[in-house]
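So, here come the structures, one by one.
You will see chain A twice below: alongside chain B first, and alongside chain C after that.
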Partner chain A sequence: MSGKKSLGRFFTENAVVIIFLAVTVAAIPPSGLSIQYIVQEMITRLGRNTFLVLALLLPIYAGMGLNFGMTLGAMSGQIGLILAINFNIGGVPGLVFAALVGTPISVLMGYVCGSVLNKAKGREMVTGYILAFFINGVYQFVVLYMMGSVFPIRNPAIVLSRGYGIRNTLNLENVRQSLDNLLMLRVGGFSVPVATALVIAALCVFVIWFKKTKLGQDMRAVGHDMAVAEAAGVPVDRTRIIAIIISTVLASFGQIIFLQNMGNMATYNAHDQTSFFAVAAILVGGASVKKANIPNVIIGVILLHVLYVVTPRAGQNLFGDAMIGEYFRQFIGYGVIALTLVLYAWKARASAARAREGLRGGATGNGNGAGNGALAGEGGSK
Partner chain B sequence: MKTAVDPKIRARRLVVRSALVLVFVGLTALSFTLGKGHSLIIDNRDLEDGSLSAAPDGNLVSIDGKEALEIYPGDRLMEKVLGQRHVIAVEDLMGGNRIERRVTLPLNADMLLLSVPKLIAGVEPYFEPFTPLNVAPPPEEGGSGNNSFTSPDAVAPGAESPEAPPAPAP
Partner chain C sequence: MRNIKQFVTDFGWPRIIIFLFLFFLFLAAPFVGVKIDASLSDVLNRFGQNALFVLAMVPMIQSGCGLNFGLSLGIIAGLLGSTLSIQFGLTGFLGFFGAVALAIPFAVVIGWFYGLLLNKVKGEEMTIAMYVGFAGVMFMCIMWLVLPYDSPNMVWGYAGKGLRTTITVEGYYRQVLNDFLAVRIGKDFVFPTGMILFVAFCAFLMWLFMRTKTGTAMTAVGSNPDYARASGISVDKMRTISVILSTVLGAVGIVVFQQSYGFIQLYVSPLQMPFAAVAAILIGGASVNKASMVNVLVGAFLFQGLLTMTPSVINSALKTDISEVIRIIVSNGIIIYALTRKTKVAK
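Entry: the complex of A and B
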């Protein structure tokens, strides 16, 4: 009985990962792709996306849920890259330049986002999502109308023929894969971008170290219970703003790493799906709105991207149309986010019910803890 | 209520923050200098003023030890380089005579014409800014990138719209 219960609990807690893993594994044979190809793709995509997904961790620690506002950071990174191309700065220095230009912009954006989210406690995710749409409008206004007219652009190759505004697609030839190729190692037939891996490892070390600092502990306290943290003297609003600022800055760096790997930039669209893909990846890795860690990120990026690689080919081979695979991966991405949110709400409700039952029966301990945890979640009472 | 901060701490904070700003500005300047890209047009033509002897025949030109380019009289080859300082080596294909020159490229010019005759003769400056007659911008790309959720009829931002005003006459 107890074994059955624990198996059920394991399945409930890891439902998203298990379902996703099953779908992905099932799609590999019909895709006809070799394991060698899939592994090489995963190595490349891990380097491309992991930094962006890691940017989501700190806001989760601070109890702010999944930071859909990371799009703001992505836009800041893109502005940095536009300026790097404008001044014809290339290689790794070009990436550093883009990151340095993007940093103050993303700090400002993070501050704005954090301040707005503090006014919408308990609804951070939807607020961040909508805020990203709003800032996207501002970004488009700046890039489409102000660059070349208000802000001088000296590189005619990136300006629209009307004399102002940046072109729809930018060629990042100067910085293309400069970080990846800085230290490319060939191991057993696979190309491993060591420099990119080291940057990601450095961020992982930073996250682990940061959790142990006073600020990191404050963030976790705020994430557990804002009222208790406030009573304990933790500046809740300030801590939440710092979490979002760090996340936004990291998203800015992450977008630069992502785009240097891709080699070109859709000026007005590249950031659109950034938060969506990052959130889908971390959720696929087994994270929830309130709990996430570095393994969730790594597992999530691998699982999501295996699916992205195999489904178009599987769709092509099974149904004669690669678009079915494309639809499938869109559907899976959104489906995972929806499923995770539903499971989270369901679990929170179940915990609250257990806590109430415990109180009726006079029991304390676990029940109370669960209840508090549930109430502290998004959608819970504040 | 805000508590008063010790003036010493305030001063220290100011120093630390100022130092951070300086480091930030310094790093930006450094990355700009190290990463500044130049298109170097290696020009092996006779000088117009006739001040030097004719363009040398059959040379190998290598920049920063990279793969050498073969260059003959009248040739112009383009090489992209990053950063300001470079070592340019010219080696005679026939005699094996090798000349190495260190050059510092200006930050304000993207395209430079590097004269091989001047480089061999040691007449500075070896290069001069080069402005192409017509820079035809790449054709505008349609579409709005993948994974966008715009309606099929929507005009992608950045794409030329039919009602866009014509470019002003030069």
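Entry: the complex of A and C
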């Protein structure tokens, strides 16, 4: 009985990963892609995306849910890259320059985002999501209208023909894959970007170390229970803002790494899907709104991107239409986010109801709480 | 003086700024060569096209489910109704009301499931609604490709299957409401009487509904769930009804939109529609947990006014296309403003 129960528990707790793994594995054979190709794609995409996804960890520790406001960091990084191209700084120095420009902007953006989210406690995710839209407007205003008119741009090749505003697509020739190629190892037919991997590893070490610091402990305390943390003398609002600032800065570095690998940048769209991909990846990896770790990130990036590589071809071969695969993978991405959020909210309510039940000793309780508890309990037992 | 201060705090600076901005746009319009009558006609048209989406926000806000970021589910139901109506070859008023009648059953079923889901995730409704909406739209993208529609006006010509991204309703129900009793004043101004009447009728029905026993119970659930439960109201049932109502309005709303706009837009087009409706009702003065008919009408008019007037006035004044940026900043700014107000979050 208990064995069956724990197996059931394992399935419910990892439902998202298991469903996703099943879909992905099922889609590989019909795609007709060789394992060789898929593995190489995975190595490339791990280097490209992992840093961005790692940026989500700290706000989750601080109990702020998935940081959809990471897009703000991505935009800061893009401004850094625009300036690097403007001053024609190539190679790794160009990336470092972009990161140096991106840092103060993303610190400011993170501060703004953290302050706004502090005013919207309990609905951080939806607020962060809309805030990303809002700042996107500001970003467009700055890049499309101010650059070249208010802020001087030296490189005429990146300015629109009307004389101001940055072109829709930027060629990142100068910095293209400079980090990846800094130390490219060939292992058994696969090229592995060691330098990128080292940067990612360094970030992982940072995250592990950070969790052990005083600030990291405070963050977890805040994430666990804001009221208790406040009573224990932890400056809750400040800690939350710091979590968001660090996340935003990391997202700006992450976007720079992402774009140097891509090699060109859609100035006004490159950040549109950033938070979607990062959030979907970490959730596919088995994280929840409240709990996430580094393995979740790695597993998530691999699973999500295998699916993204194979579905268009699978759709083409199975249904004779690549668009079906294209829509299918987006459906799965959005669906996974929705499903994880639902499962989490559901579980949180069930455990809250259990806790109440324990306090109450089974007696009839207060209004809404009891009713909800019964409902959630019923859901849990199905 | 204190009254003014009180009014300003209640109403909020962002809304006052938007009011003044729109007022300024209308004032400036003649000086930059924009015709006031044509603009007003545009604003009225777009008001009619979008008012029902804004109206659809009301029941869920009132019942404490928050802003309906999942309105796209209702829009999907409406798209099913309108494509079926064309598939069956219904034209004129029959086409329009056929589309509405075919859409409503879908909307009720979808809304019912959507409502059950939202009842399980109280306190997290908005984020989840958004992603459920996105996933629904993407799922329907696949369906539009594989469902066995075969009306030659809707499917891709060369493949003979799969619906087109935009389908004209010309010859079916294009402008049937707009042209009904339409009043033409001068060369550029047309009052779309039928559509405005239809919107007013729906708003009136909603107003009536909010005053029935069920409507009052729904408001009670939103303002104080514990109290509502103590007085014997089923919280979950009221919430589900509000979600179904919102979804049905979304479905009817898209059909009204199509008849005026002239095209059915499929695939990813519903993705961003809920955000405009959310922004509109908030501009009208609603908060995350309180909304009225006045908020709907004022909000839809102001927001659509802004969308119509900014491109024409600003672009001819500054000779740039900056209006899109203004739209993004204004509509999302107002949503953030509303989300960050201190309100009770239903847990």
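Here, the second predicted complex is superposed on the first by the 360 of 382 C-alpha atoms of A that agree within 3 Å, B and C clash if a C-alpha of one lies under 4 Å from a C-alpha of the other, contacts with A are read in each partner's own complex, and residues count from 1 in each chain.
Operating definition for what follows: a residue touches a chain if its C-beta (ideal position, glycine included) is under 8 Å from a C-beta of that chain, and two chains touch if they have at least 3 such contacts.
Please read these numbers as outputs of a predicted model, since none were measured by experiment.
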Superposed partners chain B and chain C on chain A - clash or fit: fit
Which superposed partner A:272 touches (first chain B, second chain C, both, neither): first
First, second, both or neither for A:131, with chain B first and chain C second: second
Partner chain(s) touched by A:194 [first = chain B, second = chain C, both, neither]: neither
Which of chain B and chain C A:107 touches, first, second, both or neither: neither
Following superposition on chain A: angle at chain A, chain B versus chain C, Cα, nearest 10°: 110
Which superposed partner A:18 touches (first chain B, second chain C, both, neither): neither
First (chain B), second (chain C), both or neither touched by A:140: both
Superposed arrangement (fit on chain A Cα atoms) - minimum chain B/chain C Cα distance in Å: 6
Contact residues common to both interfaces of chain A (with chain B and with chain C): 140, 144, 330
Chain A residues touching chain C - in the complex, by the definition given at the top: 65, 116, 119-120, 122-123, 125-127, 129-131, 133-134, 136-138, 140-141, 144-145, 319, 321, 323-324, 327-328, 330-331, 334-335, 337-338, 341-342, 344-346, 349, 366-368, 371-372, 375-376, 379
Parts of chain B lying in touch with chain A, wherever the complex brings them together: 24, 27-28, 30-32, 34-38, 80, 82-83, 110, 135, 137-138, 140-145, 147-149, 156-160, 164-165, 167-168
In the complex, chain C residues that touch chain A: 69, 117, 119-124, 126-128, 130-132, 134-135, 138-139, 141-142, 145-146, 162, 225-227, 229-230, 235-236, 275, 320, 322, 324-329, 332-333, 335-336, 339-340, 342, 345, 347
In the complex with chain B, residue positions of chain A that touch it: 84, 87-94, 96-97, 100-101, 103, 140, 143-144, 155-157, 159-163, 165-169, 171, 174, 266-270, 272-273, 330
